[in-house]
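Labels run A, B, C and D following the written order; every chain starts at residue 1.
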Amino acid sequence: MNIGVLNSGGDSPGLNAVIEGVVGAASRRGWNVVGFYDGFEGLLSEEGDERFEWLTPAACRGLRAKGGTILGTVNKGNFAIKVGVDQKGAIEPAVLEKTKATVRRLGLDALIVVGGDGSQSTALLLSEIGLPVVGVPKTIDNDLGATDVTFGFYSAVSIVSESLDRLETTANAHQRMMVVEVMGRHAGWIALEGGIAGSADVILLPEIPFSLENVVECIKARKAAGQREILVVVSEGARLADELVLLDEKTQGEVRLGGIGKVIAKKLEEATGIETRSCVLGHIQRGGSPCSYDRILGTRFGSYAVELVEKRQFSCMVALRGTQMTAVPIEEAVKTLKLVDPDCQLVRTARDLGVCFGD
Amino acid sequence: MNIGVLNSGGDSPGLNAVIEGVVGAASRRGWNVVGFYDGFEGLLSEEGDERFEWLTPAACRGLRAKGGTILGTVNKGNFAIKVGVDQKGAIEPAVLEKTKATVRRLGLDALIVVGGDGSQSTALLLSEIGLPVVGVPKTIDNDLGATDVTFGFYSAVSIVSESLDRLETTANAHQRMMVVEVMGRHAGWIALEGGIAGSADVILLPEIPFSLENVVECIKARKAAGQREILVVVSEGARLADELVLLDEKTQGEVRLGGIGKVIAKKLEEATGIETRSCVLGHIQRGGSPCSYDRILGTRFGSYAVELVEKRQFSCMVALRGTQMTAVPIEEAVKTLKLVDPDCQLVRTARDLGVCFGD
Amino acid sequence: MNIGVLNSGGDSPGLNAVIEGVVGAASRRGWNVVGFYDGFEGLLSEEGDERFEWLTPAACRGLRAKGGTILGTVNKGNFAIKVGVDQKGAIEPAVLEKTKATVRRLGLDALIVVGGDGSQSTALLLSEIGLPVVGVPKTIDNDLGATDVTFGFYSAVSIVSESLDRLETTANAHQRMMVVEVMGRHAGWIALEGGIAGSADVILLPEIPFSLENVVECIKARKAAGQREILVVVSEGARLADELVLLDEKTQGEVRLGGIGKVIAKKLEEATGIETRSCVLGHIQRGGSPCSYDRILGTRFGSYAVELVEKRQFSCMVALRGTQMTAVPIEEAVKTLKLVDPDCQLVRTARDLGVCFGD
Amino acid sequence: MNIGVLNSGGDSPGLNAVIEGVVGAASRRGWNVVGFYDGFEGLLSEEGDERFEWLTPAACRGLRAKGGTILGTVNKGNFAIKVGVDQKGAIEPAVLEKTKATVRRLGLDALIVVGGDGSQSTALLLSEIGLPVVGVPKTIDNDLGATDVTFGFYSAVSIVSESLDRLETTANAHQRMMVVEVMGRHAGWIALEGGIAGSADVILLPEIPFSLENVVECIKARKAAGQREILVVVSEGARLADELVLLDEKTQGEVRLGGIGKVIAKKLEEATGIETRSCVLGHIQRGGSPCSYDRILGTRFGSYAVELVEKRQFSCMVALRGTQMTAVPIEEAVKTLKLVDPDCQLVRTARDLGVCFGD
């Protein structure tokens, strides 16, 4: 058997662990593994322009501890799905033809695709041209309903938490407010769990629209009670209640992703009179050696993906349920975004810890 | 309402997070929380020798990030259960009387007990004298069947993993074998997950009896293949197949817990001829600031324990199932030790990664 | 003897270590220490509005490991020096009078001032009104000629280095360029040492004016040689050769401190065609538990400051020279900024490691 | 020019940084670098059994962040100096002949030896057979008088300090004493600086002989004052005052290096009645990614060693004096061990912080 593996979309700590798991599990079965470079693009290899390598356990030993991915990854590319007039998504025929040629040339029996919902949809389209696929979920935001946890998430949460630990000390020394923008466009899990771990005072999420008045009131009450430092964590995708949008003062345009923390910092500083600094954690959240949890989860995902290939459970995605691995049809898995339920026990815990969500 | 909280038995990173969760959740309900010092011993307070304090959210703010426990803890004490001639376990009557007096004096409505199976059994006996109890599981070994994970476990796994990362570099430089003894008397989860995360070559667990011959053969094969360093992780409670015991050379007595790593190191060095060093991680594994995962899990446990008090679900223990909190009757919960199943997917993953279990 | 201690200006990891050192050293001599809150402002205490506390070794135990400062700090305040028509700097008479009253009331024999050059100048003015002072240098930028190293600097360097380690992995995965802005308005030590430790490709400093052309050329050469990731470290105060200034596209005004990284990132992305992300490390650099080096240096500074009080070597500042502590007259110490010499061995080392300075 | 580089003796974090520095500096001069495997042994290469590789900057990029050494190292070997009847040390003639052959064959112009005093003495003997040498000091114990600091030392200190941070929390929770044995056979710098950084109560060093009575008295006083945890740091080479030796109870033999912590723990537990645990940090202290300080110092050492080759300052060793690099004749450098002076300012600082040395 020859199986392929690729990762696609934004990187997440644990990608290399998945690769090591796949290679180890395949090798124990006597199979070969080919790793494609830079997402699906590697499938467009041609003789003279090969964009893959055959991977051995010896070469992959210890890979689970390395950040990034030895295969490289791209966010978009030739395999982006285009929706036609018939409302059905498709990949360009020329791209599919070239892929078929690669599959034939390498004698590929199956492909393991590590990626988010877009990449898994692409994977399904490849299965239609005769390349059986197994999916491994990848979303650092942990926003996929089909699995309890995705790798990379707890590495990101750790970095947010460590950063808050740091910022707390300097905020306390200067009696400042710190506004920290973290990842999470649609789902606020990183802000929620990172904020709980890092003792945030305020957490603003896409799922719980907030009013600035509520936030200001909460902050003022804490200062009045003698608290020196205020820590505010903001998801990239946090939004105001009542469909209001935050406007950029200079441009009067809506604040784009990546800038909301700064705008909120300014407004809170004006409204409370507290000296405020803002900080965008950015790509630090997705970099570096994965935490133990992600090294373990990543290798489990990779190993189990090979089990699914062996059982011929194709067009499925591996998933964690409780302490067990399980398989979920990709088609269903990509449909359900896992959002923070404002009434869930985790949010209740946060409120118990005094967190203000601005609602 | 006045509720008490205490922790009992060996400490585990996240104890303070539980306390902060309890205090926050109670406070939001307008309840008071009293924290007892040094496990159940605090219940033996007397006027003039008070061994407790009333805890406020302000005083507990940020506690979740602190290692140890502000309440102190003891492993055994006056509340140890003694089994009588009728085969029933009991606490000494004088101790119970004194406890009743404290309960009356403080107007205690319920008690939250953070502890292992022994402590939870003690808690049940206290409920029989009219003090309703709710349990929070505490075992750094993660060996309780009733919950997917216990707090402290991933902090310990991280430390094992980091230590292996360190030892790998010096082992490689000197072409040495490193034998690392980690916690786990009855269950090998720390060795298994720590070993996977830290790229161990050999993992020896209580649940998978090993033969030295198998281990030696594996190590020799790796050296022959050109591998410079060998990393061996040993649970305290690892044991030989065929009921054999490891004998201490000097005393000819059976090797006690805490020394097995050194003995195995010596035997492997003799059998393989590879220069070997051993290392007992010991108490470093249970110390220090909890990792993010444990901060979050600990506060969730504490918060949910108060919910159970509110719902009057007494004699139950909080537990994590998947992503949800749930309640399990203490009586059932303490019965089932969660051991590593040699055929489970996690062990298969380890084997895929080349781990030798010596079986 | 009663001695006071205060810290003034921006916080730096190790401030608490200095305080613990001062308190311990004074206590061994049988002296009392009073810590003033929020910089010099604490000297303006009045009965009913006391802004200080008496510090004991027991209360300060372990303080050296804590970030921030238990005394709080302010950047500017009532003690800011105003330059009069006679070109001489002075503090407002009313402020001095109030200070004198506090000194008398507390029976203060000497004051230890932990602060930068501005704060040390203020300290000298206080010595003129009869309050003997000893200085402890504080500049996270390590830009003081009088001492080999200042505390806080290596903590900041560690954070820069760790951040680069993280960013390298994600930059590599996506073949991106990362531009990281770090502290350093006048002196580029943090960028230089952090950049060396974190394997930066390009380091831009205030002391070595750069041309974008040179930087672009270097980056292109590396990409051409097959390097996937490019790491650029920029001091806040980095500046272009030939007196050119970087202009903000929107406002056409000069780019202010705190925004230069983003501007450079944009220009480099345009010129090289490489996908680029920028990151401002900001206050994370000054937060969190000090690294071991700073804990040791901070306590040494504090302890030695008390030795100087004992020897009555007033109007001096403690300093590290090689492995030894020494005393330097404050007046001289504040005059010499320690800048990066473009020809020094550290810069040569960086060049040997392939660093491009854009000159 | 062709220059060789090798490291010899126990590994120390920063070895790879030195190698990267050497390769970068040589490459900028247009020189070639050959790295010899496993210390001096690599010099015994023969055609068909080559034990070296030519190193390029591209291959060494980022090496400074890696623990261990890509060249491998051995503690002793064929180059060990044997002292003859004439009291002069020499290397076996056959070994020297083989070395000469390698030097000729590779066209080696100079050799950079990274090692301790033994290795530097060997290096001097090689210079006598016509191979010019430059030394780079390597001692994780920081016990070389010729340089202010050696690389690896602050990495080790950090690990000791972090371990103490961890142990403090669990010791506090259980009211225990923790006895931690750290590296340092002849010089106690790691115990001293690690102990200061980690807030140790007691530090026992080779240079300050201690009496158990004094230590016991100090510990009892602290417990009496209400301190819950006691942290004791012991150098491997710590020794009792009055020429007394610690006897192993079982064997009645003198306690060897590597076991002193355990013996002291037992004696202190008996004398104080405090529950005590001991911990040997062991090889964890020399493993893992070097701290920023060591990455910088290592690359500086490597770069400067090449400068010395260029200036033909042979038989010298690079050294750090203050902030500057300098060269010291190897012959003098190896003579002076840098020991902790019991009256130095660093020890005074420790005493100010309440440290008991048992003297």
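By our rule, contacts are C-beta pairs under 8 Å (C-beta built on N, C-alpha and C of every residue); 3 or more make two chains touch, one makes a residue touch a chain.
These numbers come from a predicted model, not from an experiment.
Participant: Can you list every chain that touches chain B and also touches chain D?
Facilitator: Looking at chain D and chain B together, no chain touches each of them.
Participant: Could you tell me the distance, in whole angstrom, between the mean C-alpha positions of chain B and chain C?
Facilitator: 42
Participant: Centre to centre, by mean C-alpha position, how many angstrom separate chain A and chain C?
Facilitator: The mean C-alpha positions of chain A and chain C differ by 36 Å.
Participant: Where the CA atoms of chain A average out and where those of chain B average out, how many Å apart are those spots?
Facilitator: 31
Participant: At least two other chains touched by the same residue of chain D: list those residues.
Facilitator: Correct list: 165, 168.
Participant: Write out all the pairs of touching chains, ordered by chain label.
Facilitator: Those chain pairs which touch are A-B, A-C, B-D, C-D.
Participant: In their complex, what parts of chain A are in touch with chain C?
Facilitator: 10-11, 15, 38, 66-69, 72-75, 159, 162-163, 165-175, 178, 228, 250, 277, 279-280, 282-284, 286-289
Participant: Given the complex with chain A, which residues does chain B contribute to the contact?
Facilitator: Touch residues, chain B against chain A: 20-21, 24-25, 27-28, 57-58, 61-62, 64-65, 148-149, 154, 157-158, 160-161, 165, 168, 193-194, 196-199, 225, 291-293, 295-296, 299-300, 303-304, 306-307, 321-325, 345-346, 348-349, 351-354.
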